[in-house]
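Note that the chains take the letters A, B, C and D in the order they are written out, and that residue 1 is the start of every chain.
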Amino acid sequence: MPTLGADMSVGILSSWLKKPGDTVQRGDIIAVVHTDKADVEVETFASGVIERMLVEPGSEVPVGTPLAVIRESGEAEPTAASEQEARLMISPSARELAHELGVDPAEVRGSGPGGRIQRKDVEAAAAARDPARPPPSAPRPAVAPQAPAAAPSADDRGAAMRRAIGAAMSRSKREIPHFYLGHTIDLSRAMSWLTESNVHRSVSERLLHGVLLLKAVALALRVVPELNATWQGDEVVRHDDVNIGVAIALRGGGLVAPAIRHTDELSLDELMHAFRDLVTRARRYSLRSSEISAPTITVTSLGERTVDTVFGVIFPPQVAIVGFGAVVERLWVSDGQVLPCPVVSVSLSADHRVTDGHRASAFLVALDRLLQEPEEL
Amino acid sequence: MYSAAKIHGFLHLYIGEEAVAVGVLQALTPDDAIVATYREHGQALARGVPAASLMAEMFGKANGSSRGRGGSMHIFDLARRFYGGYAIVGGGLPVAVGLALADRLSGREGRLTACFFGDGAVAEGEFHESLNLAALWELPVLFLCENNLYAMGTPIRQELAQPDISLRAESYGIPAEPVDGMDVIAVEEAARRAAIQVRRTGAPLFLELRTYRFRAHSMADPDLYRTKDEIGDWRQRDPIALLEARLREAKLIADDDVSALESDVAAELDHAVGVAEAGPFEPVEDLTKDVYGRSAQ
Amino acid sequence: MTDDQIREGVLRVLAGIVPGADLTALRPDLGLRDQLDIDSMDYLNLAIGIHEELQVDIPESAYDQLETLDDFVRYLAERTSGST
Amino acid sequence: MSVQLAGGSSRRVRLTYREAVRAGLRHALSADDRVFLMGEDVGSYGGAFAVSLGLLDEFGPERIRNTPLSESAFVGAGIGAALGGMRPIVEVMTINFSLLALDQIVNNAATLRYMSGGQLEVPLVVRMATGGGRQLAAQHAHSLEVWYAHVPGIKALAPATVEDARGMLLAALDDPDPVFIFEHATLYPLEGEVDEEPRPVDICRASVRREGGDVTLVTYGGSLAACLAAADDLADEGIEAEVVDLRTLRPLDMDTVLVSLGKTHHAAIVDEGWKTGSLAGEVSAQIMERGFDLLDWPVQRVCSAEVPIPYAKHLEDAALPSRERVAATVREMLV
């Protein structure tokens, strides 16, 4: 409804001079509008085919109300079947995966009922597009179930081994003879290095102190490798890969500890990126099964505003868990002076069948030493 | 207040039955527990629940006796062991039995649980089950049936095949006694005797308090099922008028005492309305508060 | 940028970080950490979101004066008043 | 793989589900004299499912109280006793008879804290046997846990293992609100190994009883066995099913379900209740609301046929959820 006078706010459509299906050119008169001053002919500025009228003759509509839909020449003919374009039948998870893998769903053939596109169709399309890259998770029934994600180094004896593990903590506490060691680490060098280096970083590249702790744990495991192991059947298998499970609290309560692979080989920036991505996806429940079953050790922390010390309960089939309390300001003797310093209390819960207090303390000492040289992490 | 739409939902007036609440409550101690029905304003006031807190509750305010959550049918006051109004007819009886059981099992002697209910409840299964259980386990419950002759719109003769309620109670081996529910002195005297016996023996007793409500079952009841004459006859024995006449006869009160009393009552009511109107509404953010004592961690 | 626009921007970023939280009942004078159960990672995402949404860079040093929604609006208002 | 532990935590013992509940009762009765047991034939008879056998001799008639057949009165008395400061455990023989006490449960137990503005507290535990599978026909085979899980103000638990049968009772006694424990009648003879020393267990988290990456089977109580059996069958065909035991029906721990769904993208919910208005329906709705983007296939439900449970064995087996129906449902999803 065009404004046909400065003070005009509404107009009455008195009659249509065209009908749906008519082709119109720019400037054609297509309707007559009645205003309190006069009956005025209305011209169209678009050329094309009138698809449908939106306003009935005789009705009063405010200025600016669209009166008719004109499909400009050259636009695709809408399929006769339905008003909107045909709905793409795709499962929500497949759509998410397509987005993740950069596959255009419209080009995927759906194998589900009624042609619904499923994850495996998207995976196949992604693989077909780039044969070099194997699909993220092996297609299902055709192949034997996934081998345990943490490729055991020494022991390749295992066929796909069914590990019936109840993940309940209470069971872990009862089956695994835990012993605990605590230690307090002066973080003044680490925190000042972090603050200093964050100043030069853009906000999206900013590091959290957590990544320093994760990297230190990963490197300390090279000093005490027996902590980086998992039970398989009745045997402990030590792993070369260091995949640290990061305990993430879910919003409504509940905890999950997916792994960051090769934590020891990642740079602090790569580690921060992986950490941030993991937390985001965990809280959207979209973790990959490989991530959940991959950790060779777990690190847990209850965050800033909480307790000084946390003693973790080991996640079976792992053999250790490192717990960080909150970083707090404490009076601390360093180089003979008593100064207020940021410190963190770290705990190690370990499986008595696999290691002992002496080795466990060697791990915590190594961790401490690594955190005194943050620039090396 | 109700007609001024300050009070909503159901409201069951107690006018006419005052002698029962006042008489019985005189015989109870602070250690006794009380379980009542949705017509419990009389019992609550007689127990000492402040009128302001009742009025605020009926205004739905946070300073009401149940923080505006219960309304007129659900007045609670734990400090005064007033375990509330129950809107399901007969719903309170098993709870009263349980309270008495708790006192028994924790060795708290010399206590009773007073359980008020109407003649309507006598037809409920819970009446049968509760009296049987209290008698079987010999629990200190004082069952108080306010027989106002009507279960909402149904006269008692069309409600109970055996309308002699005291007789029914005795069938469970519980001594029962009918009492003139319009005479507060008679009620108080009977209640005192019963309470002393229950406290002493620990076994239940039953009083059938014959009374009458001058107003309809509730504000929503057109009260067509009773004749004006019948209501008129009972009004002759208005419990408050009866008491006033006796006190005057005994020269215990005179005109100025009566007017002083009336102005005190009026003042207390105004105060109550003031407190209710000034009271805050509970913030909507607290909607889910107190559903559980300890929400799932 | 008016205070309301800033507040709306911050709430939009928060909605992305705490999907499903009822932000309408958020008290602007109470700490965000307690009301929304958010941790240092969420605070970092908040800083990144605000940088993208309102083009203001919040240095780490400013974190401890930014506890409530009002703090954020006040802090950002000072830094965006120059640009409108 | 439980290893006999030297020293440290207590010795392991082998118990049946029924003995585990009894151990929980005995532990609670000895530890706290506010605790007492009330129910039909819980005394000299020892309980319809022999759970309270021997407790009368040990704790006496005051604390092991046989009740007349008055469900509304003795459940209501349990509520009153809880109000009066006791810690009652009421045994309603089966969920089928609990229908007679629903008024006391829904109108009193669940509402008194809220309706009194937070003044009153009802720390009551009610246990009842539930479920079919023993050829007792329609009136003795109901699975109506969802009726209780529907009501805010009470908690509903479904112990499916020997440890939960004992531990949940102790946790429920520690809870300030009414807690209803549903013990599937076929579980009483189930054997399992637990620590000798009874301890309360968590009652707000589900538990992954079997890990797998291809499909999530969500279940509770008497249907756990069928799911684990189905998972074994499926494993032989290369399908790894993850079995999530809800353990608590109110509150529902959806996080554990969603984390699993995030891995498998396929969910089947196995629930002995009738499908219409079932707990399975509620879990499915919450998956749709909170985990929609994780779904690669519509959520499936395996429930009882919508019939009064029949007496004849072959009919009852056809009506109730079975390992075969669970496995078949999973195969359809992963074809």
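Observations
Convention: contacts are C-beta pairs under 8 Å (C-beta built on N, C-alpha and C of every residue); 3 or more make two chains touch, one makes a residue touch a chain.
Remember, it's a predicted structure, so these values are computed and weren't measured experimentally.
Of all chains, the one whose CA centroid is most distant from that of subunit B is A. Relative to the centroid of all protein Cα atoms, the closest per-chain Cα centroid is that of D.
Distance between chain centres (mean CA atoms), subunit A to subunit C: 22 Å.
With each centre defined as the average position of its C-alpha atoms, the distance from subunit C to subunit D rounds to 44 Å. Centre-to-centre, using mean CA coordinates, subunit A is 35 Å away from subunit D. Centre to centre, using the average C-alpha position, subunit A and subunit B are separated by 61 Å.
Looking at subunit C, one finds that residues 20 touch two or more other chains. For subunit A, residues touching at least two other chains, in rising order: 253, 284. Taken residue by residue, subunit B touches two or more other chains at 296-297, whereas all remaining positions touch fewer.
Per the touch definition, subunit A reaches subunit D in the complex via residues 91-96, 112, 118-119, 137, 140-141, 143-146, 162-168, 170, 173-175, 177, 233-234, 250, 252-254, 256, 284-289, 292-293, 353.
Only residues 1-3, 5, 8-9, 163, 195, 201-202, 204-205, 207-211, 213-214, 235, 237-240, 253-256, 258-259, 261-265, 290-297, 334 of subunit D touch subunit A when the two sit together in their complex. Within the complex formed with subunit A, the subunit C residues making contact are 18-21, 33, 37, 39-41, 44-45, 47-48, 51, 57-61. The touching residues of subunit D, counted against subunit B in their complex, run 34, 36, 62-63, 65, 67-68, 70, 72-86, 88, 103-104, 107-108, 112-121, 152-153, 155, 175-177, 204, 248, 251.
Across the complex, subunit B meets subunit D through its residues 33, 35, 64-70, 74, 76-78, 83-84, 86-88, 91, 93-103, 105-106, 113, 125-126, 128-130, 132-133, 136-137, 289-294, 296-297.
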